[in-house]
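Two complexes, one shared chain (chain A), two partners (chain B, chain C).
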Partner chain A sequence: MTPIRANGAIRNGLIAFAFLGYLILIGIPGRIGGAALPVLALVAALFFWVRLRRDASGTDGSFPQTASPTGKPGWEIGAPGHTVSQEQVMPLPGAGGALAIRSGLLAGITTGLLIAIVSFAFASAIGSGASIQPVLDKIVPVNVAALIGVSPGQIANDEVPTLRYLLLVLIFTAAGLLAALAVVAARVRNPQKAPVARLSKSLDSQLYRTVARFTGILLPFLLLAYIAWLGIPGVSAFGSNEGTVRLLLTLIATGSGLFALRLVRPGREQNVVAPLLALGALTMPFILDQFQNSVMGLVFIFVMMGLGLNIVVGYAGLLDLGYVAFFAIGAYTYAFLSAPFSSPYISSLLNLLAISPEIPLLGYWTALPVAMLTAAIGGILLGIPVLRLRGDYLAIVTLGFGEIIRLFMLNLGELTNGPRGILEISQPGLFGLAPQSFSSGFLSSQGWIFLLALISSALVAFVAIRLNDSRLGRAWFAMQEDEDVAEATGVHLVRTKLLAFAIGATFAGMAGQLYASRQINIFPENFSLFVSIDALALIIVGGIGSPAGIVLGALALKGLPEVLRGVDEYRIVTFAALLVIMMIVRPAGILPSARRRTQVAAPDEQALTPGAEEPVAKELDGDTARQAQAASPQSEAVRDKEDQ
Partner chain B sequence: MTALLSIQAVTKVFGGLTAVDNVNLDIEERSITSLIGPNGAGKTTLFNCLTGLHTPEAGQILFDGRSLIGLRPDEIIARGVARTYQNIRLFGRMTALENVLVGQHLQLRASHWSAVLRSARQQAEERAARSFALELLAFVGLESHAEVVSTNLPYGEQRLLEVARALGSRPSLLLLDEPAAGMNPSETDRMMELVHRLRDEKGVTVFLIEHDMKVVMSVSESVAVLDYGEKIAEGTPEEVRANARVVEAYLGPEVVLQDTVATSDI
Partner chain C sequence: MAPSRLTAQVAGVNGKTALRFLLRAFGAAILVLVIWRVTTVGLAEGYPASFWISQALNGLVLGGVYALVALGYTLVYGILFMINFAHGEVMMIGGIAGFFALQFSQARGWLEGPWPVVVVALLLIMLFGMAASVLIGVTLERLAYRPLRQAPRLVPLISAIGASLFLQYSVLLIFGVSPHSYRKPALISGGMRMGDVFIPYTGAIIFVTSILLMLALYFIIQRTKLGRAMRAVAEDRATASLMGVDVNAVIVITFMLGSALAGAAGVMLGFHNTVVKFNSGFVPGLKAFTAAVLGGIGNIPGAMFGALILGLIEAIGPSALGIPTEYKDVIAFTLLVLILIFRPSGLFGEVLSEKKA
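Right, the complex of A and B next:
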């Protein structure tokens, strides 16, 4: 057993090294600067923790889906006492502790040694003046210096103290130890001990849970305070990366806010924390700068899209790959109504009506219902021809519809100004005030867009959640489960499907309008297939059917790429790798809806439920056993022969 | 007493195969009628014609004096004809309670706007729907499993849940497609008792397809027999059991003369 364990530990170390090596090669240490070494060590520790925890539990690679103690359907079936929970994953006998620590240490040393060797090789190569940059473009003094923890000058002059490499090894060894200790500590809480010990442990874990819960609830506020502090003129951290770091922190703060919402108990606690979180979210547009606001604005425009698409795909189960069409319809409708118009057809039409084409026809708020209605009509027009289509066929037709709308915008130059786009779309005002008059001082123009996106998303989420919780939501889900049976149970398929398409399209239309005013100038190429794919990907990553998951998905898919902009051309590869890892670790999405969670957990439970056929057949006499068989039609012929 | 359901010369053809051939059948109100026949006799096809999944090529189906031909399945259930399925077709990822709530879909009238705004009326309607659903679950004996995801229910209870879902629409005629298939003896007894209670307590007319002759003989007041799409016999269980054509359809022509010994074991 021991040699296998050692092999396993070294393999863990090698994998961690490969991963960190990639981060080093794409220049991450140089971007982070002084904090590089601790951050890399933390990443390694996280990885070791996952691996060791897996080894200790002896299960396969996926995280156990822990059940929330309340409101979880389906757990009470099956053998009593056999519940799927945290306890299930750490049933190793006591001797496992030392083993875990040893393999943690071994893995840490492996990673540390390899990184020390590599960094020594890079440092001495750079020090001796070898030109490695043409081959490995990120291996420059800044990057290597950050990795070893010295100044770039020391690298260039080849005067790195040997002690530094030893420290490097030690730090990663400590990371391995830390991971092992975390695994062992978790096992100590396993309540299969004597009653007294068990009581003290349960108190302990109660305390632990409370602390964890309050930390979770406080985290978004702390992050927000830190972001605000970083925004004060004169305060600086992270050198030239301050903007990116603040954006990253904003993304994390928003995401942790969602987790905090899940951590609070319903009742008084929720009544206090939820408004505070909302207030915190609303302050973000005011404290962020133009760049961060513009990214966050885009993120929340995509949240609206995701929530709309989620109604079609997540609730009603209709795979729509042409969702960008409604986004484009919303954007162009608003553009027609609010841009000083340069399209010949509409300009001449307006001249004919003695209206000056230079002045916007409608403001943002008066145009909003028009854009929503137009998009909804678009949704119904798409919905009607695809009513009879299912699965792949539906996806292909909707894909085509998305492209038709884009090509329509591109080629109908008379109406849409073709590839030259529509320019100078007016900005949303407030109660007749021009946007400039109130957004100049404390709220940047992008901040205003972010604020609007935030409020609109909240509204859209509210409507979506409420609808899903009504008979319409049940009809949608029933239709997704079995269309024929849903119809035979009384669901009007045409109406229910068209409602899904229309409501989804309405939300996309709102998003499109806000997008148009954010971009100021829009072109057909803004509405390519990739927008549909992004919207679909973000609801899959976040967790289909779960509004909170969609927000997280949008943060990850539209926000993170902007943060990763620092790593230049490696951005897309890194991002793709993150996506793949995420889908392996959490196949149902980051924050899956309750229904999807049960779906993922289902195989376990199936084992718990006594199978219907086999045990039944055993205890039956011959006659009734044949009736049991009659469930499968094929067996009936056999049965008849037997009777003869 | 006029018939609640009147099937008149219904014919359904798939390509060259006549699945249901000129079938006539009347079902009295508050009766329990069984439809039996060898595999492929067209029993489920007839059910599908009744519930709008298939449209018959010829014939007339009158329910409560009005024609069901050409109506969509959701219009037919609105008239009061609900059904269960031979291969259980529950909404698998929904809980037992939610399945029954979907069954009540047509009973709920609140607008979608009021659902967004959670108006008092809509909330009251939802509460009533929920308590009716729980009542139905209790009726079939699943009250303790209301929050269980339906795929996780044992097989026999899934069949019971299908009945509860069908009852959600407050039907006057319930079509049960092999309700006891795959059940063990105690579950079968529970199902037979339920069929009786459906009629006695809920006043529902029951029309069922069944292979288990013990169920057919003990539960039904009249039995109709289909073979190759044609109705070959109709009558009380005893009459049907003694019918030579039925025995032939089930056991083949060469054993007809051995008569009752074989038929009692069908």
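Right, the complex of A and C next:
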């Protein structure tokens, strides 16, 4: 056991102060208003709790510093060596408990004092009329005021009661104490196991399992029925927040549908539940309104993007940061073919082909193969130069390609209308029916887009899964593992790589076309680097290589921000932080793919890494095992096998 | 089984040959296109020699700044074999910090005083920017990279992308979207005229400063005990640690050195471009990476010369090819692709892109 020392506690306090200072700087307290202090104190308490628990158990969340045989780590995510070297969690004896409480108090006081001093300094500077910096003048008064719990005017007039600062220190001290008590209480009650593990063990009976399974399977249907009921005119359960709440419920329903699909047993049960789930998904566009449909449409467009990028990154192991290029190619191709804007290049091409430039030229369905083909050709053309590159280099070069395409769209005014974009792109119809004729009554126009996105992403997912199981999929997998060995066993590297790029690009082209008709007007700034980053982030968060994980990632990354509209400006910062944290805590994603899990549990690879078997041996060891599972996909693979 | 194995071997050989052939053809096509454009369009425009000279000088100034950033990439890559994707943002934070230091000293009238005061003030501004960058760089290493040191190589790269976005958008949230404009003090806002060529003082100062900083770095690495430790860790981390080198300390110091150079570059780029904002580190960061690859990544003199060459190409390229200057980024990225195809080792380095990457 690592004893908790005073300097460790002060360090915890300093780190908490730095983190809270960051939150204050980006303007969180000003946004929360009156409740700022309790919320920040709660955040601090959570942080202290994590640190104290870690200090008490003597483990840290980092990768073990074991040397791999070659000395240089390999390429794949979730590879062996990803296990946290776990020390046995020691119960805190009585003295340890006192230590923990003392250390929690010390950390809380440090944080509270520092925040109080800094906010006092700022408040008195503003009160005495000094201008700090033009930029800080805008953000500091509001946030400091919210933190101390007074109005900005009171700060400006220098009439803040001193008692407020004392309260600040006291509240953070209480947060430290709370965290320490939580840690000590968990140890005292049951020194070996954390409450969650105990609970799950006591409920680990057959009955519990069955009940949990059927609840999980029924949940999406219940939620869907509830959403449908909420959609009936006249029913209002949430007042002015109705739309947002329904969107949140929709997201949860879709996510729970994915889990339900995982819960069913293969065989007859699956044959009944899976079509029902599909039917439920297909009814969603009809029961949601315009706003929810537009968000869900975007989510499923990004599911298609994610599935396509997953082929390149997850299956073939080629890290592509310029994926937005193909999305843009698909969108612009459809825009050229269907919008009134006609560029001189296109019209001269049409004159050459002796087609009269009637507008709009092609409908959605006739344009679909064209857009897919153009994107595929783009994929091959951009793929050829990077055939020989691997890893970091490939990432940077493809990123450069993405930027080049964007620069071209921005600057080739004659072809793409530059920053003014292409306007009035036509909507998809059906069998000659104009889109307006059937998208008025029972299906909103965004609902129609959502329905299309849903069906297309289901098709794309089907193709992707079948491809992964095909000979080509195995070739991709072999290539991802080791290019030289794959080539020696007869994988044609050029063909395999270009096929990955081309198929990935085709899916992106489909997504781009649907996106263009969803947006109606498209501009080059719709196709910035962030589309690539979003697509990459969603497959990483969801679980690389796993289609269900991708849907989950898209729901979390594209759907949730719409629910949290009020804090939209914090979206990118949150996801950036999430990327880093995901990489440290759970590099294989929330729902890792089966192949990755089996891949890391392969016996010959286990032999290579000392310590790889430890988490398995301690499988049901309560706290240890849970931490190990959080960090290593390996023990999870074992657990999943046991479940089946 | 035998025939299939034979086919496999043949296919493999064919694969490699086809690959090589495709790449050669692609590169050759681009080279022919470039030569054709330069001879028929660029040279036919008939610019005077002074135009080319001033463009080249401009390119050298930019190259000097890129070199400082590229050294950070190269140093980190040499030791950790990872691309510090957030290095451009470390540079940007140096620029932002420098902006505030500049405002601070302007508010106190230091920059209108006699010239020694102005010089000291400018030095202090740069030191402040460097300090801010060092702080961010070390924090980055501690939080985002150190826990992943033994992880597969895709993992730290994604973590670095996350860190890069995080830094950019934190700066956006804290300091706003609008660019912060550097106001040059009167002492360095002019320039000198040599014949038809105009050399701004800032350009000359930036170039000289970056050369001095690079020499300092070269001295540290080649002539000090610390430099020897860094080289040893780059060579073989395990053996170096057996020889009594504190590997963690060396890695931290490497990040500090690289970040300090980036911070200086950020301040100087602020003076050069006159503005700095939350995303102004991104494209220069990519360019600097291109420069590092051009010189052979992991190779310190390579990064310096690669950056100077890249700066020259970027400044002269658009006029020589007769295309709008908006495409200078396209030229830089195309150059990156061409180098990686024809000489992945860079101009001065060993082959890395396939072996170690």
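Keep in mind that, in the parts below, the second predicted complex is superposed on the first by the 354 of 644 C-alpha atoms of A that agree within 3 Å, B and C clash if a C-alpha of one lies under 4 Å from a C-alpha of the other, contacts with A are read in each partner's own complex, and residues count from 1 in each chain.
Convention: a contact is a pair of C-beta atoms (placed from the backbone, for glycine too) under 8 Å apart; a residue touches a chain by one contact, two chains touch by 3 or more.
From a predicted model like this one, the values you see are computed outputs, not experimental measurements.
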Output check: A:His492 vs chain B and chain C. Expected answer is one of first, second, both, neither. What do you get? both
Output check: A:Arg471 vs chain B and chain C. Expected answer is one of first, second, both, neither. What do you get? first
Scan A:Ile396 for contacts with chain B and chain C and give back first, second, both or neither. second
Mind working out whether A:Val463 is in touch with chain B, chain C, both or neither, as first, second, both or neither? first
Looking at chain A, does chain B or chain C touch a larger number of its residues? C
Just to be sure I read the superposition right, which of the two partners does A:Asp482 touch: chain B = first, chain C = second, or both, or neither? first
One more residue to check, A:Leu407. First (chain B), second (chain C), both or neither? second
Chain B versus chain C as contact partner of A:Pro385, first or second or both or neither: second
Could you give the residue numbers on chain A that contact chain B in one complex and chain C in the other? 73-74, 76-77, 487-493
The residues of chain B that touch chain A in their complex are 38-39, 51-53, 72-74, 76-78, 82-83, 85, 89, 91-95, 98, 101-103, 105-106, 108, 110, 112, 115-118, 122, 126, 129, 145, 147-149, 151-156, 165, 168-169, 178, 180-185, 188, 211-212, 214, 250-252, 255, 262, 265-266
Which residues, counting only chain A, touch chain C once they are in their complex? 22, 25-27, 61-68, 71-79, 81-82, 133-135, 138-139, 319, 321, 384-393, 395-397, 399-401, 403-404, 407-408, 410-411, 487-495, 533, 536, 540, 569-570, 572-573, 575-580, 583-584, 587
Residues of chain A touching chain B in their complex? 73-74, 76-77, 462-463, 466-467, 469-472, 474-475, 477-478, 481-482, 484-493, 499, 595, 598-599, 602, 605-606, 609-610, 612-613, 616, 619-620, 623-624, 627-628, 630-631, 633, 636-637, 640, 643-644
Okay, in this complex, where on chain C does chain A touch? 4-5, 7-9, 11-12, 14-16, 18-19, 22-23, 26, 81-83, 100, 103, 143-144, 146-159, 161-166, 169-170, 173-176, 180, 236-238, 286, 289-290, 293, 324, 326-327, 329-330, 332-334, 336-337, 340-341, 344, 353-354, 356-357
